[in-house]
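We just call them A, B, C, D, E and F in the order they show up, numbering each chain from 1.
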Amino acid sequence: MSTLHTVNKSPFDRPSLTSCLNHLMPGDAVLLIEDGVIAARKGSAFSSPLEAAMKDCSVYVLSPDSSARGIGDGDMVSGIETVDYGGFVDLVVKHDRTQSWL
Amino acid sequence: MSEDAKKFLYVNRKAPYGTIYALESLEVVLIGAAFEQEVTLAFLDDGVYQLAKGQETAGVGMKNFSPTYRALGDYDVNKFYVERESLEERGLTEDDLQEITYEDEDDDWAEKPSIRVVNRDEMKKIMSEQDVILSF
Amino acid sequence: MKLAIVVNEGPYTHQASDTALHFTRAALEAGHEIERVFFYHDGVNNATRLTVPPQDDRNLQKEWTELGTTHGLDMVVCIAAAQRRGILDANEAKRQGKDADNIAEGFRISGLGQLIDAGIQADRLVTFGD
Amino acid sequence: MKLAIVVNEGPYTHQASDTALHFTRAALEAGHEIERVFFYHDGVNNATRLTVPPQDDRNLQKEWTELGTTHGLDMVVCIAAAQRRGILDANEAKRQGKDADNIAEGFRISGLGQLIDAGIQADRLVTFGD
Amino acid sequence: MSTLHTVNKSPFDRPSLTSCLNHLMPGDAVLLIEDGVIAARKGSAFSSPLEAAMKDCSVYVLSPDSSARGIGDGDMVSGIETVDYGGFVDLVVKHDRTQSWL
Amino acid sequence: MSEDAKKFLYVNRKAPYGTIYALESLEVVLIGAAFEQEVTLAFLDDGVYQLAKGQETAGVGMKNFSPTYRALGDYDVNKFYVERESLEERGLTEDDLQEITYEDEDDDWAEKPSIRVVNRDEMKKIMSEQDVILSF
């Protein structure tokens, strides 16, 4: 039993990512979408919290959204995986529930 | 409640009045109460302000919907989990929240508090036990 | 698998409607069933046929209408949220004494119970919002 | 003093329209002149006459229309923002080949230049948004 | 020459108050409106930054908004003044420009 | 520019694409350029992402409006102040921003950079010198 958490806002603009990371259970997954992808950029204030979360959770980025914001795959915190919309669907299916941190 | 009832969680993270999400979340809860599912409400981050005592909206010209939370007990909606850390960061305590109660049919209709202040670890566990999560 | 989609913001102002549309398409391509697409809060604004986006931009209402009619999707606009925001079908317009309506093809107006029902019927519910 | 007011969000969803309305009323009561009220972004949604808010709630479109007509306010809806969001007057509807319009009394549709002009003409400009 | 800054979002939900306080000039005023009034509650994580700002700037709260959120005058950080919509208009007039931190 | 031109500041604090504010701010700047006022653009907080290099929007199906910033020099809009602290917090440097230039008519049409990275104290001073501030 695990949860897919989606975060669609920049962690600099909203507390959603921080709240999300504070409520993860081991085995959960976090998918960064829309402005949420800003968290994935390496060297940002949110790199450490994401790295800590990846100890027992997975972190994904929706690649059409990171591309739109000029964040290349090489610009991201290492360990983060990218998915497209089809991969987003697969993640929803694979986890027992989806929680959107709006 | 039927055997195959689903567990619905309403996650409330926004303050009332500045945006409509708190009010329109409450409207879903009211309609959802008729569906015989297992309903839980979570209040965290600025969402804890939805339950603040003493809301007076005459000045802003908006309807004060805070009394409606007190009516939810009559619809078997009586699990209001409020995150302690969210209260503390905001300088609030449980005493700053309105009193919300329900009558427990399994305990001779004793009046019991609907609001349970929980810490973050309890909240995360509650979230992980749901079937459907609606976020506002 | 049966998926329910909730769209909570209007077109263009927030990306939610775009993301929901791409997600719904991908889910259909992967062979999943869409139990319902429910439009709530400002999401009801996706359903007005009066939008005229710039020529070089996408037309989100048209894309929803096309996706919905092609795949027979149940695209429900919450009646309470729609009334607050001025989204009406011909029946509602008549009932409310309004001289025009603006709902687009492929959408139907119904109650919030349809959101709960979607949560009950679907295997997964995914929300797109602000 | 001459004040310009900018309203960037639609009614009900955000409090911006309420605050702008209270502010404009207070400014008029204090004897100030309102150079213009400019509706931009989702603020254009304040101008639809099709809203039907609940009986026990305020009707923001009506309040704007009443305030505007009583005091002869210049209430301008940005045309580009309005087209994206489906707010049309009869002329625009005709020009765009749409079969309905929805603008309320007291509002007029015009270009973004009216926002800049308001900033130039007014002594102060105050923005209400998300 | 001074600026009236308005902040309409909770400091817990947006960085607007923090950004605003970081860009104040001595003699400026900050008016908390809508969900922005949440910052005014004493004992919150934002009490200290507001107290620091009040050394050379004024801080106001729009009282209809604080009342709506159950924040009484006695619940606020001391030194904050309350105004009604008329007082808001006076503040706009009194300062040379208004900057809305949206 | 006329003697009585007003100083207009456009404050951009939001990321592009997730919301429409960046695009609709740019639309105001384009129209405003015809009014012969003194125009300054400020990019801080997530607004710095509006100028990010390499934006590719085919995947999200939205129009890439980032090239438009490069055209603003032709309309005498060439003061782009970007806050250094906002870049740093986000792991960005000036190299991650697109190159935007203008031709300086007062200096034999020499090509000069429109983007000037400033620190917070400089930004606050720039803000305090304006007549009209439009926030997006």
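Annotations for the structure displayed:
By our rule, a contact is a pair of C-beta atoms (placed from the backbone, for glycine too) under 8 Å apart; a residue touches a chain by one contact, two chains touch by 3 or more.
For clarity, every value in this text was computed on a predicted model and none was experimentally measured.
In terms of the stated touch criterion, the partners common to chain B and chain D are C, E, listed by label. The minimal number of chain-to-chain contact steps leading from chain C to chain D is 1.
With every chain reduced to the mean of its CA atoms, the largest distance from chain B is reached by F.
Rounded to whole angstrom, the centroid-to-centroid distance between chain B and chain E, based on C-alpha atoms, equals 29 Å. Put simply, the C-alpha centre of chain A and that of chain D have 38 angstrom between them. In chain D, the residues touching two or more other chains are 12-13, 15, 22, 41, 57, 80, 125, 127, 129. Shared contact sites, meaning residues of chain F that touch two or more other chains, fall at 17-20, 45, 60, 62, 131-133, 135.
For chain A, residues that reach two or more other chains under the stated contact definition are 8, 12-13, 15, 34-35, 64, 84, 97-98, 100, 102. Every pair of chains meeting the contact definition is listed here: A-B, A-C, A-E, A-F, B-C, B-D, B-E, C-D, C-F, D-E, D-F, E-F. Residues 10-13, 41-42, 45, 48-54, 57, 61, 80, 83-88, 92-93, 96, 98, 100-102 of chain C touch chain D in their complex. Residues 6, 8, 20-21, 24, 27-28, 31-32, 34-35, 37, 131-135 of chain F are the ones that touch chain D when the two sit in their complex. Of all residues in chain B, only 11, 13, 44-45, 120, 123-125, 127-128, 130-133, 135-136 touch chain A in the complex they form.
On the side of chain B, the complex with chain D involves touching residues 17-20, 60-63. Touching chain B in their complex are the following residues of chain A: 1, 3, 15-16, 19, 22-25, 28, 97-102.
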